[in-house]
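When the chains are written out, they are named A, B, C and D in that same order, and each has its own residue count from 1.
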Amino acid sequence: DNAAATKYGVGRPATETELKAWDIDVRPDFKGLPKGSGTIDQGADIWDSTCASCHGSFGESNSVFTPLVGGTTLDDIVTGRVAALTGGGQPSRTTLMKVPTVSTLWDYIHRAMPWDNPKSLEPDEVYAVLAYLLNLAEIVPSDFTLSNENIAQVQEKMPNRNGMKSWEGLWKVDGKPDTGNVICTSDCVTADQPSSTLPPQARNTHGDLAAQMRIVGPVRGVNTQAPALS
Amino acid sequence: DNAAATKYGVGRPATETELKAWDIDVRPDFKGLPKGSGTIDQGADIWDSTCASCHGSFGESNSVFTPLVGGTTLDDIVTGRVAALTGGGQPSRTTLMKVPTVSTLWDYIHRAMPWDNPKSLEPDEVYAVLAYLLNLAEIVPSDFTLSNENIAQVQEKMPNRNGMKSWEGLWKVDGKPDTGNVICTSDCVTADQPSSTLPPQARNTHGDLAAQMRIVGPVRGVNTQAPALS
Amino acid sequence: ATGPTLAASAQQAVGDPMILEPRPWSTKLGYPVAFKPYGQPSPFEANLQRRQSPGLTQTTQASVSFAPLQGFFGIITPSGLHFERHHQGWVDVDPEQHRLMVNGMVEEAKVYTMDDLMRLPSVSRIHFIECGANTGMEWGNAAVPTVQYTHGMLSCCEFTGVPLKVLLDDCGADIKNAQFVLAEGNDGSSMTRTISMEAALDDVLVAWGMNGEMLRPENGYPLRLVVPGVQGVSWVKWLRRIEVGDKPWNSKDEASHYVDMMPDGIHRQYTSIQECKSVITSPSGGQALMGKGFYNVSGLAWSGRGKIKQVDVSFDAGRNWKTARLETPVLDKCLTRFNIDWVWDGSPVILQSRATDSTGFVQPRYRQLREVRGTRSTYHNNAIQSWQVAQSGEVFNVQMD
Amino acid sequence: ATGPTLAASAQQAVGDPMILEPRPWSTKLGYPVAFKPYGQPSPFEANLQRRQSPGLTQTTQASVSFAPLQGFFGIITPSGLHFERHHQGWVDVDPEQHRLMVNGMVEEAKVYTMDDLMRLPSVSRIHFIECGANTGMEWGNAAVPTVQYTHGMLSCCEFTGVPLKVLLDDCGADIKNAQFVLAEGNDGSSMTRTISMEAALDDVLVAWGMNGEMLRPENGYPLRLVVPGVQGVSWVKWLRRIEVGDKPWNSKDEASHYVDMMPDGIHRQYTSIQECKSVITSPSGGQALMGKGFYNVSGLAWSGRGKIKQVDVSFDAGRNWKTARLETPVLDKCLTRFNIDWVWDGSPVILQSRATDSTGFVQPRYRQLREVRGTRSTYHNNAIQSWQVAQSGEVFNVQMD
């Protein structure tokens, strides 16, 4: 009989079954991770039938979302830093270039994927399909069975595991800003010209702007189907 | 060239014709009243064709609005106070029991009546139909011609011309309140019973209240098609 | 020992199907963004509508629709549920065709387009608007069942517009000799109302904005007068003209309506200001409490003379009072939301709220109001509202003297 | 001497047909009250809609619709035009079927219905919500044409709900040892986000009310977390669970998105707070000024760390600055509307606004931001926005270093 219940008397204790149903989050320390395992072969079947239509056969597609796999090297797996993030070679930042913790992927696939049928995968299936993705990125070998027992070791091979830092400046209310400005009111230093102007073709990429603004008032939307006003 | 135009440079001077079109208000001192006249006979024709359908042949109808005419006496015309407002005999307060200034009626009929075709009456027509109404209330005789020349004399016969006072208490921001209360916080004087409770039949006059309130929350609408909860 | 209690606790040990059986919304892909380019409330909220009070008016165009205060939170009125009061119906004005004329005791009468007006320095402020006839049906006795009908001619929005003073200055108004302005609408009734020059120079706005967007057509699109603290009928909608003058106009709604009849048969005119008032909106009439226990009693307080200073709530028909929490911001001539904890023990009880404003004015009891104004003055009923909670939990509208 | 000038002045002597020829709305009976039980904007306002930015996202359910800031007044966002950001589409949750669970480091894990929650002591407060990715398309260069797309992942509403602290207390949360809470939604993605205990105990709300009515479905009906000052993705919608814990969760949107990449390739995580920022909304990109002369330049300023203290506006690309008027109320972690007079002489000019918050932080220039954060960090672009007015009056999005 808790003190709280005495105060407002609303709500009721959650049952074990209810907690089991909803308390599904998995933390980086693997708190919340259910037991289970899955092979890459099993994962490949699930992937092909359930995931590939959106993410591509090798997680490379960017037709419905940015690629999941790509841009990481065996070297990154050693260093835990994805080198391509500093070079400019890779066209986009793939999921495996960014995500530092394997728990994140397990948790997210389990709660949200496949996108059009979320929460349909059993834990073993999540292990399997995640193993398949990790193998695509050469983080685990092709005969690997991912399980709750060995996932902590896989964590030690995540390519970008050392590539993130918690940034208190924007976390704590009194965090220290890393940028800023000073109030200057007259004859302030400023560039003579804009460093960037809207590319002419971008003027019309969002359609006729006249149709996106109020028809009366101090200013009007410009008909961007026509050339710029002169 | 006014000072204001220099400041913002928006807007433009109104023309004489524009002022004539819109500056149509008529004040109690008859400022704004256009020249013209109309007889009760003319007014009766207009009334029967244009007004009676809503207000009744004698301005007595309350089917689309409270009655315009009724409840005033020849005595009221002498005193300028409508006696029925203090007695309880008259079922409703008619327009002519209340309106102290004849300008009000001229102005309003001209701007807003007939209700479904407002601003369709010419000044002469307004004089005529107003004369008709005033005659119904026995304020002017049946051979009367109302005009801008004699309307000030008619004002002297308005039955409730002395029945209103301007109330500064609710006009000026620092007006003196005529009611109020004091903050009492414990053991305050109060009646034991409500002086009035919602009549049982009124519980259902507004339909099913359950259908008028949110379906979740701390309180719910009561199904007032059913008897009161017990 | 075998019975519903045990069965219930066995079921409890398993749990709530709403948790155990995944709901469709958590196992499907939802709707796209901009599916509704202009969004709507959930269909589950459809009960909350503006409604007429049956029998109150003879027509639907010279009538009022009441705002469902029983369902509101905070102080902002959703624009779609703003109360309506029209005298000749509402109209759909083309803003490009709309004009504002300023004339009378000015150096130069002027005409403005919406484009002109919206170029001028504007301000934005949150204010309540209350019809002078709000709670009018209750002058004689408890007459209507819910707070929608007792107090629903009340709304509160953020308004944006140009101060009327800017326009008066722009036309060179003769502020020394003029004491009044006339505001005139552009609907069928071309509603006219006299406004005091005191207000006109203080905080009156010629407004086009309401809650961040343009006024709704029912509320005067594209232009209405905002007269903070003053009864709604003076907030002339579809505003087309301002005249500066030295005498009041005694327009129809200042000479036949919006006049308060005193017990001696004399009517008070130019009773503009809405004095300090409050009402508990939850729980309120026509609702039922869902059993004993803790409740957050919530309501609204406002004053046409300034800010709300304090709201007290009584749970015993006015014998004892406790001071409620006021939500912030507490603004001038604006609704203030109050909340107070309450544990209902299941016995019959009468709830009241009593507001005090920054002038020190305390909201009157019915007896105090009627002693001065009788029971037939129609307008400006700001008496303390009482809600009677029956043992059943059903809440009734009652009046305490 | 005969020509258009004379003709125009002759016509002027007669007047404007909009005044001389009575408009239909002033010569007809209008629509009845409650014609629309839930009202809508005027059809003349139809241009103002939430819109997607073409090409920004690959799907419409993991996407964003931008609020048309160019048309807003004051600080309140009309609920129908609140920006949207969904990760798995928006859903229509039945409030009777909705549950909130609180578990983790608590004495007793509990389940609440909406009825339970709405009985608890609630508060109402006006706060902005800004997506961490707002202005994200502009990190590298001026990319999109209007303020709807540069800054439209921004809205501001009055929210009503129970402080999260009340629920944490009700469940006996171990506040000493726990440093974080997890918030989880009930949509397809069951979005999870880590919230700092500092915020949870301060001003976070478990909210059901938005602008006086229930939340809109797109914004989390019937329950969302309100985390003042913090990026929108943390304001978990369709909220179903709160877990109290001693470590952050590194959820998908804390480990793959909403992480800010620095020039050295390191990503910053848990970058929650939206720092001080401002933008001029009128005039703004894609608009044209209607000729020389007086304008009321208007915009919005906000800070996730407190109140807005001052907004300065430059009409010469940042060389000289004037302090703008701030509309009241100026509230904590809330939009503040600023206005400033301006006379446009018809020559090309660049407009900027620069906000300062109550901590003394001054909104940075692009150069200052990029010196630290580079150009590929996607989130938290709060640089000074520049609008270039061409001689033609057309306004273009440009960036000043």
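One rule holds in what follows: a residue touches a chain if its C-beta (ideal position, glycine included) is under 8 Å from a C-beta of that chain, and two chains touch if they have at least 3 such contacts.
Nothing here was measured: the structure is a model prediction, and the numbers come from that model.
S.K.: Taking contacts as defined above, which has more of them, B-C or A-C?
M.R.: Higher C-beta contact count between the two pairs: B-C.
S.K.: Centroid of subunit B to centroid of subunit C, CA atoms only: how many Å?
M.R.: 22
S.K.: Centre to centre, by mean C-alpha position, how many angstrom separate subunit A and subunit B?
M.R.: The answer is 65 Å.
S.K.: Report the inter-centroid distance (CA atoms only) between subunit C and subunit D in whole Å.
M.R.: 27
S.K.: How big is the gap, in whole Å, between where the Cα atoms of subunit A centre and where those of subunit C centre?
M.R.: Roughly 46 Å, centre to centre.
S.K.: For subunit B, which residues are shared contacts with two or more other chains?
M.R.: 7-8, 10, 12, 14, 18, 22, 115, 118-119, 214-218
S.K.: Indicate the residues of subunit D shared as contacts by at least two other chains.
M.R.: In subunit D, the residues touching two or more other chains are 16, 19, 26-29, 44-45, 48-49, 51, 59, 61, 71, 88, 95, 101, 111, 115, 118-120, 188, 190, 214, 222, 240, 290, 293-296.
S.K.: What topology does the chain touch graph have (line, ring, star, complete, other)?
M.R.: The chain contacts form none of line, ring, star or complete graph.
S.K.: For this structure, enumerate the chain pairs that meet the touch criterion.
M.R.: Here the touching pairs of chains are A-C, A-D, B-C, B-D, C-D.
S.K.: Going by the contact rule set out above, which residues of subunit B touch subunit C in the complex?
M.R.: Subunit B residues touching subunit C: 2-5, 7-8, 10-14, 18-19, 22-25, 27-29, 31, 62-66, 81-83, 85-86, 93, 95, 98-101, 103-105, 107-108, 111-112, 115, 118-119, 160, 163-173, 175, 177-188, 190-191, 194-199, 202-203, 205-207, 209, 211-222, 224, 228-230.
S.K.: Using the touch definition up top, name the residues of subunit C that touch subunit A in the complex.
M.R.: 12-16, 19-20, 22, 26-29, 95-96, 113-115, 118-119, 214, 222, 293-294
S.K.: Would you pull the subunit C residues touching subunit B in the complex into a rising list?
M.R.: Its residues touching subunit B are 44-45, 47-49, 51, 53-55, 58-59, 61-62, 68, 70-71, 87-88, 101, 103, 107-112, 116-117, 119-120, 141-146, 148-149, 169-172, 182, 184, 188-190, 192, 196, 198-199, 202, 229, 240-241, 243, 245, 247-252, 254-256, 259-261, 264-273, 275, 282-290, 295-296, 305, 310, 312, 317-322, 350, 354, 356, 361-366, 368-369, 371-373, 380, 384, 386, 388, 390, 392-401.
S.K.: Which stretch or stretches of subunit D touch subunit C in the complex?
M.R.: Per the touch definition, subunit D meets subunit C at residues 16, 18-19, 23, 25-45, 48-52, 59-61, 63-65, 71-82, 84-86, 88-95, 97-99, 101, 111, 115, 118-126, 157-160, 186-188, 190, 208-209, 211-214, 216-218, 221-222, 238, 240, 290, 293-296, 298, 325, 327-329, 331, 337, 339, 341.
S.K.: Please output the residues of subunit B touching subunit D within their complex, sorted ascending.
M.R.: 7-10, 12, 14-18, 21-22, 115-120, 214-218
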